[in-house]
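Letters A, B and C name the chains as they come in the text, with residue numbers starting at 1 for each one.
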Amino acid sequence: MAFIPHTPEDVAEMLAAIGVTSVEQLFEEIPAALRAGTPTSVPEALNEMEVGRLMLERASVDGLPLSFLGAGAYEHHIPAAVWAIATRGEFYSAYTPYQAEASQGTLQTIYEFQTMIANLTGMAVANASLYDGASAFAEALLMAARIHRKSSSLRVLVPRAVHPYYRDAARAITRQQGFELEEIAYESASGRTALAALAAHEGHDIAAIAIQQPNFFGVLEDADAVSEWARSRGIPVVALVNPTALALLKPPGAWRGGADVVVGEGQPLGVPLCSGGPYFGFMATRLEHVRQMPGRIVGRTLDLAGQPGFTLTLQAREQHIRRGRATSNICTNQGLMVTAATVYLSLMGARGLERVATACHARTRELIAALTRIDGVRAAFTGPCFHECVLQLDRPVGPVLARLAERDILAGVDLTPHYPELGSAFLACATETKTSADIRALAFALRDALQTQHAA
Amino acid sequence: MSKIPADLKYAQTHEWVRTLPDGVVEIGITDHAQQALGDLVFVEAPEPGRRVGAHEPFAVVESVKAASDIYSPVAGEVVAANAELASAPERINQEPYGAGWIARIRPDDPASLADLLAPADYGKLLEAEGD
Amino acid sequence: MSPPRERLPQRERLIFEYSRPGRGATDQWPRESSAPLDIPAELARRERPLLPEVSELDVVRHFTRLSQLNFSIDTHFYPLGSCTMKYNPKACNAYAMLPQFLARHPLAPESHGQGLLACLHELQEMLRAVTGMQAVSLTPMAGAQGEFAGVAMIRAYHRARGDLARQEIIVPEAAHGTNPATATMCGCAVKEIPVGADGDVNLEALEGAVGPGTAGIMLTNPSTLGVFERKILEVAQIVHAAGGLLYYDGANLNAILGKVRPADMGFDVIHMNLHKTFSTPHGGGGPGAGAVGVSKRLEPFLPIPIVTKEADRYRWLTERDRPQSIGRLSAFMGNTGVLLRAYIYMRLLGREGMGQVGEHATLNANYLLARLARAGFEPAYPARRASHELIVTLKRMARELEVTAMDFAKRLLDYGIHAPTTYFPLLVPECLLIEPTETETKETLDAFVDAMVSIAAEAHEDPDRVRSAPHTTVVRRLDDVRAAKQLDLSWKPGARAEMPVAG
């Protein structure tokens, strides 16, 4: 029980060595008033066989529906090698690599990861990860404000077309330091952030501006124009990107106005959906901003014998040294997910990632074509999109999605709570994991649901 | 035992101050401080033209094991920062009182320098801290 | 005891050095599509990103060999103080990775998640039971995020009462660095108070530090000094009387699991490190999970979402249910996969197992304390019982022989033991913070003591060998200064594989 190996003989010998007669004596410094009994509401212990059976039952309750859900978490094929390697005990049960000589496996993996993320995003340096895309986004806004030397403004411009939960998390995290997030509208026809809406902020003191590419609707933004607008006004640019899409899209480092901090959700790179976590946030920046970047960073150096090796560096920025003046309070991050992503990117390479992105794009176009052929379904936006799209119905979305869910098809994410101005709209996503047969099944079920339910 | 030149004044936060002929003061960190920090890897120097208040942090020195704020001993305006430190932060370790100076400030009120510690008093402070 | 003579591990090239144009794990790629891309030219990427072009076998060999360069719990004793490096049960991984759990999308409807939600709800309830807190949120993704949530809730509580002056967080000088960093991230000022020579917080200093500006105090108990904060009830009384709240950093919960409940000590909000106390894997630096628990008065402010049970159905409580919540700290619901592992572990422990953990962790630490003290090592707090960890100071050795705690730690690696935590807490000079955990056998502990004794002898007889350790790891001691001054943070094509010897 509890993986405790001690036999009664062990315990007796150890107590004797300490010079006490019972384990209870070791707790004598604790005031009696604080001593608690056994937590009776906690169930009795299960052995591994019993717990295995319980978990199998629980898992089978949830099943494996056909899913067209995206909205920040994407279903992609994960090669078997990724988790076979990541769950090796030497990676899985290793600690944070503070003792570099004992952690070269982890450290070199992170160095390779940093290189891949820097290359993918077109930036100079990347860190060893943050918790997830949303908290990384919040950290990026804080960092952008720090690097904006000429301003002490706490106002940040965030498009409404940025993921609503990312905006929520950014608000929750940055408002503790007094930041205000101001929304920029999107064009109702194209789904793109409106350049005209930026004009309203002309001459204002702005700490930073964020751009999500593709945006929450799957629509491709005019990132060149927005970044250029910001750059010419000295406003730091925070780019929020999808890593799979970067195989096909111009990276933020190559945008006309460039970017100062690039972040995103790394889950598409070999990390399972797993109901929202653990994922990992990636962050990359320009070399001149590296000391303002939160999180761990691995560097290559030499050892005593002149051989190359890897170590955590620039630690003076982090909580365990800088304490109250640290760039962030982050300590544990998402090491195991980074390991998985590094293996994934090594297996896929640029060409493999391009194939994935192309297949996602093609499947989504197929999905749009199949669903908009149905009476009562139309595409919300005209602008080009990547691997998800917004569809509008002629009746409330909730009941329709519920109907399809009963048939084990999850057709999309209901946007009504977050974007009421879109009317009855949902966000659907088709990745390389969906076949034409899957899309036909979705179309068939949706047509069926709309025909048997009356229009509102 | 760390060095404490007799012709300088000192702050409790381990900065030293040298008054230059034109009234501008030159500031750096003491030998004790550079020893405690270890090999310096980076210096974040203030920009000329910036105003600082007395005891306000206005620069950062960073080693592998610590990042330390440098506090201005006087209120005034920064007139110069030591450009060499950008490429050679180790100059502070090598010559903390000479080529390792960090910034020069024109004080608003030169009389306030009298509040700083004399070398002997700084020495007593270090003894109390166990140097 | 002399260190085992081992074949030195081989260095492993960078993955990029295996690349050859045209190579790739093509079986993993989707089939080529004939559909044209309709991405506008000005948005399209011009150049492929530089990523590896390697075969699947090369990838597997590369990362397998890299893994073999690591110390890990699965391979080495890892007595890292305040990290709780206990065995990570394989069952937790196996059952958390069942296909249905792995495949479930975070925004899937609750109708397709009752199995998962049952596990999470039961986890919330078990954490409530062992901590005594009234309500729990599982969403913070690590201890530091849990701390952030805790301090943010304290601030929200005071603001809701109209008390806007409370912006100060008190921390003991021995606190973990995340504590003051968190306070700053929450827009608070930090006030440090001293710790007494016996390891307890200085009550007089505390009384002087509290006032109308006090939002709260952040404490760990047992403290970061490895001893129980004996006056905790008085501390709670002082802070509460001044109108502040108490925050519990749960990093050391392993010492008192099943024996003492933070709620009984007077804490208003706590975070737990599931990757410490509840044995979810450290993964080379995460992922963790920093669940938070609160008393009744802070419940409205808990971060969402939270699992609730209504009749026989589980559902998520969101912003609509909790309008005063401090909000969402991530895009979805936290590190679900980690939470599942913690759930499985707690089911394997059961109610009796909780207490056994605290007892045996404390037994192991006190056993090491006794043996090390008898072997001539200097405990930092010799008059105190160890909690689940202990501190020895090597300051005498450092002064007399110029062999530091860092040198000691590096030499332990040659003995096949991961170093304990060094130089934390900052308060104790040249310290080693040692936490054996309850899953280690007596023989492992004895071997550790023997290694320590052997290194102490080496420090006298052959100090250079200790000062230049480690000798048997894949790299020797690394140049930190060079790493920070000559930043090499990503590989560039044309970078030399072997760099010249410096100097």
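Everything below uses one rule, namely that a contact is a pair of C-beta atoms (placed from the backbone, for glycine too) under 8 Å apart; a residue touches a chain by one contact, two chains touch by 3 or more.
Computed from a prediction, not measured in an experiment: that's the story for all the values here.
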| item | value |
| --- | --- |
| Contact graph of the chains (line, ring, star, complete, other) | complete |
| Innermost chain by mean C-alpha position | C |
| Chain pair, B-C or A-B, that carries the greater number of C-beta contacts | A-B |
| Whole-Å gap between the CA centroids of chain A and chain C | 20 |
| Approximate Å spacing (C-alpha centroids) for the pair chain B, chain C | 37 |
| Whole-Å gap separating chain A and chain B, where each centre is the average of the chain's CA atoms | 44 |
| Per-residue overlap in chain A, given as positions that touch at least 2 other chains | 313, 316, 321-322, 325 |
| For chain B, residues that touch 2 or more chains besides their own | 41-42, 62-64 |
| Interface hub residues of chain C, defined as touching at least two other chains | 480, 483-484 |
| Residues on chain B engaged by chain C in the complex (per definition of touch) | 38-39, 41-42, 62-64, 89 |
| Contact set on chain B toward chain A in their complex | 41-42, 44, 62-67, 69 |
| Residue ranges of chain C touching chain B (in the complex, touch as defined) | 480-481, 483-485 |
| Residues of chain A that touch chain B when the two form their complex | 291, 313, 315-317, 321-322, 325 |
